[in-house]
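Next, two complexes with chain A in common: one pairs it with chain B, the other with chain C.
And now, the complex of A and B:
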């Protein structure tokens, strides 16, 4: 299994008008398809910043980050997010004014997939995450948190990429839904060959991961590999 | 864009409220701007049709009581007469800061002796007996004191209508407290005429008692042989006949005496009133109120041009009746022989349109010699005007047969053979100032002038029109300002709701791979479309309403000056068609609102896009 993401001495400095804050320092690691990675650490340790770099929403201020062998600075990062990497969040972040089905169809709309096809595929993804079709026409605020996160996972699948980035995906869920989501993430890695990278505080999520990294003051260490 | 609209439509209350309020704001803006523009255009369009004329009247310093003997009541009548220490002149009105479009003028009118033309007087009174001051020999029917009406027989007409010879009428030296006896076996000569005194005394009593006839006609009175001619400065020269005898006994050689010669000279001019034509010199036709107010209007030809006025061309405007009475046509020349000058009244006050004449009785030089024509010239008729009777005996009425000529064309324009002189009056003095300049003029005059001159302004309703339009502009400004403020508030508030508060949506879109430009378009397109639709609907509605307001004014608005502001008075009114409502304000408002909407949204969108999506979404997760 080849490395899909490789970080070499990645550093990141937030530069505001008045001060510079070093969020990441010499982070070196790699991620492969078919595995679940957990990145643990305290709040403010740099986990989300690292995830932001992995999502191509920003670029490292130091070091190099390779996606499928290409340096991220040289990539069309919008296209990368659209086609290769998806992010799910603790607060789900679905479009509140689009239905469940429309939320899942949205990434395919950006890819200009024909309407009928994107609808069929969206239904397919929703079925994969185990969401009953009675919910497809509902607005996000009409379904539970677990269901919303499943919709978010289905939307991530809809982009067609092989990298799933998750920022505290179970943070707002009860234990029952938490288990369902963890199971889904593992399934995506092991059965669908995704590289699933989860930033989490949750020990259960970390336990389910194939590799666990710990982030402390912007430095990444292998906890379990 | 479709997704953007779809999401907007899923908050229908907010979206419809925004759309409705945008329509209302655009309506206010468009309505305000349209009314503002229409008012401005209407004023500009009709500025030339208005003209502000001021007339000047000198207020007497005091009033003098004159005692005039009344033979009927055997007492003095009291008459009041205004006294002026000095006459103000038009030059006195040239105060610093005064802005005149036509400088003040005090018009005299000149009498042209026209024996070769048929005058209105003659045409309207072809067979009338010429009772106006005539000179005749007469004999009383009995010896009598002239302190009452005495029957006399006219034996010989020396100057006047020959039809009067042989007529028996009544004579009284009515205004003389010390009248003389006249005797039936003697012949007398005098200038006789009717004044407003009625037959009275023994004759009247007898007629009343006999009840055979009630005769209440006018008696004749003797006129003074005093010359009417004043010195050039308007003062009255010495004249022995001022308080001298009026009735002379005709004896052998009487007509060789000084009094006799004066009588013969007076007899020469005694009937010229029948052949008199008033000529008015001015610097601008519209300074003459009958022309300004439309009582006189050109039926043929043209007005005297500014150049002709300036260089004193020998051109004139002639009345239609005079032209018709004399078989004259446009372009023909009228021979003018100026005989005397009146600087107190205007032509209409002496030569009334119905053929009446206020004549002068003493038309001889102060030394008793005959009056001579002082200027002869020919005027080409460039315009023929007609007159409508005012029906109110206005002081502004034009004179019968009145010729209008450039003042500069009269060499002796300051007046030769001056028969009367007086202060500036509304009928003889006027000027033109810019429209809307009344207040400034009065303010300037209050600072530099005197309270001895009073002004009356005529603006054909300009003040009222301007006041109306200014009021309309204030309203339109309020509407426009309200529209602008409301639009700004709406754009800021709803862009906050639709854009700033949608930062999460932007962040999600970004995290899903949407580029910044696509995010911007996605967010702006829906907002901009709502702004565009709202502003178009509002602008169209505003345009329609302003059209409706215009239509409600029925296309034509009569600005009546009766109620116009300040000292202005009604003369006649200008018909004002309001300017058509332009679509430009609607277009301008729509474009402005859309530009402002897109601009505000763009700024807010950029702020949203500057925020790092992951951090934003993470923050929200912590919330």
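And now, the complex of A and C:
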């Protein structure tokens, strides 16, 4: 299996008007399709910064980050997020004005998929994450946290990319829903061939991962893998 | 992406209603503003009709407005001037019936014959006092026919009838006479006039000129010409045709030979000063001009106000919808198209408000250009304000916006 993401001595410095803060130092690692990666570490260790770089929301201030062999600075990073990588968050981040079904259809609308097709595919993805069709017409604030996170995962699938980035995806969930979401993420990697990269504090999530990295003061180390 | 706008318009009812309501209010207020300017402009352009400038030829010291000697050259120049309208003139001659001997004039000379080009020239008489069978009074007085209207009492006393052709021997007032010694002179012959109508006696009117017979103004001028005499009008009045060019008017009056009144001048019967009653017109026009200019000077302020309202409403709306914008960016939507989506939604709501406001205003507004001006100003200024607000919203990085959301 080829490397889909490769980081070479990646560093990142937050620069404000009065001070510079080094968030990442010489991070080198790689990620493959079909595996679940967990990045653990304390708050402020640089996990979420690294995830933002992987999502193309920012670019490294040092080193290089390659996505499918292409340096991220040379890429159209909006197109990368639209077609290749999706991010899910602890706070779910669903469109509050769209129904469950419309939320999942949205990435395909950006890709100009015809309406009928995107509806059918959205229904497929929602079925895959085990959401009953009675919820498809509901607004996000009318369903539970676990259901919202499943909608977010279905929306990530809908973009058609092979990279799923998750920032504390179980942070707001009870243990039952947590187990469901972890199972879904593992299934996406192992059965759908996604590269799933999860930033987490949660030991159970880390346990389910194929590879575990630890982040300490901006430096990444392999914990298990 | 536009299906997102439709969903948003459908589902954010309360917030959208506020935006539409603000837009309707702005349409009403802007209509009030532009309507006021339009109203002042209309009043100014209609001022000459509503507050006409009346002019009268007087003697040099301004003490007399009738019983003057006003030369035919002045009357002709006024007739040809583009600055003059509603010109009224009249002249009075004395006459006696039949071809009597000149030395017997004191016995026969007992008819006052007035030549006038319209009824207003004949003192306090009104059109309803006249009775004509085959033509209108205005038509007759504007003509040069040797036809006349006779006072009912005179007609009865002399046993005349409508259709009779009467012979008059006329005497004119001599302008060469010295002041206080005006003399009558025979015109030198008789004139044949056909009676075509009658008029009632003026009752209880103190300033009325004694009028026994009225002939058309042009006919009276022809009468003077027929005997090789110079015509003089007794009274000349008119209105200014284009009061907004009063300076041009006054220059032309000077060229014609009409001067301003000189109060210290000696009294005379020669009419060559002009009284222009323009004080009311000038006061009204000045007031309307000042009001229009004042209102127009506020236009930039009004535009900035609408722009600020557009900015504030869009900024508040954008602030409450940052999460949606961030999520769109996260899904791969580019910065400008995502911001444009919110701007387009805002402008659709403003447009709906505009149309609703126009519908409310339409029954009270007669000016389509006014409504278009309101819509143009509102949409342009609001668009600039809203674009600035959403442009500002789109400035933040997605990472920053996400951290704010978290």
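As a working rule, the second predicted complex is superposed on the first by the 225 of 225 C-alpha atoms of A that agree within 3 Å, B and C clash if a C-alpha of one lies under 4 Å from a C-alpha of the other, contacts with A are read in each partner's own complex, and residues count from 1 in each chain.
Definition applied: a residue touches a chain if its C-beta (ideal position, glycine included) is under 8 Å from a C-beta of that chain, and two chains touch if they have at least 3 such contacts.
Every value quoted in this text rests on a predicted model; they were computed, and no experiment measured them.
Trainee: When the two structures are laid over each other on chain A, do chain B and chain C clash or fit?
Mentor: On the superposed model, which is not a single observed complex, chain B and chain C clash.
Trainee: Regarding the shared-chain residue A:52, is it in contact with chain B (first), chain C (second), both, or neither?
Mentor: In the superposition, A:52 contacts both chain B and chain C.
Trainee: In the overlay, work out which of chain B or chain C sits against more residues of chain A.
Mentor: B
Trainee: Counting only touches as set out at the top, which of chain B and chain C does A:171 meet: first, second, both, neither?
Mentor: first
Trainee: Of the two partner chains, chain B (first) and chain C (second), which one does A:222 touch, if any: first, second, both, or neither?
Mentor: Touch partners of A:222: none, neither chain B nor chain C.
Trainee: Between chain B (first) and chain C (second), which does A:127 come into contact with in this model arrangement: first, second, both, or neither?
Mentor: neither
Trainee: For A:81 in the superposed arrangement: first (chain B), second (chain C), both or neither?
Mentor: In the superposed model, A:81 contacts both chain B and chain C.
Trainee: Looking only at the overlay on chain A, choose which of 151-159, 187-195 or 331-339 in chain C hits chain B.
Mentor: For chain C, the listed stretch overlapping chain B after superposition is 331-339.
Trainee: On chain A, which stretch or stretches are contacted by chain B in one complex as well as by chain C in the other?
Mentor: Dual-contact residues (chain A): 52, 55, 57-58, 78-83, 87, 89-91, 93-95, 97-98, 102, 106-107, 109-110, 159.
Trainee: Provide the residue numbers of chain B that touch chain A in the complex, in ascending order.
Mentor: Those residues of chain B that touch chain A are 3, 6-8, 10-11, 504-505, 507-508, 510-515, 518, 612-615, 617-618, 620-621, 623.
Trainee: Would you tell me which residues of chain A are touching chain C in their complex?
Mentor: 52, 55, 57-58, 78-83, 87, 89-91, 93-98, 102, 106-107, 109-110, 159
Trainee: So in the complex, which bits of chain A are touching chain B?
Mentor: Residues of chain A touching chain B: 48-49, 51-52, 55, 57-58, 78-83, 86-87, 89-91, 93-95, 97-98, 102, 106-107, 109-110, 139, 155, 159, 167-168, 171-172.
Trainee: Please name which positions on chain C make contact with chain A in the complex.
Mentor: Contacts found on chain C: 1, 3-4, 7-8, 11-12, 323-324, 326-327, 329-334, 397-399, 402, 405-406.
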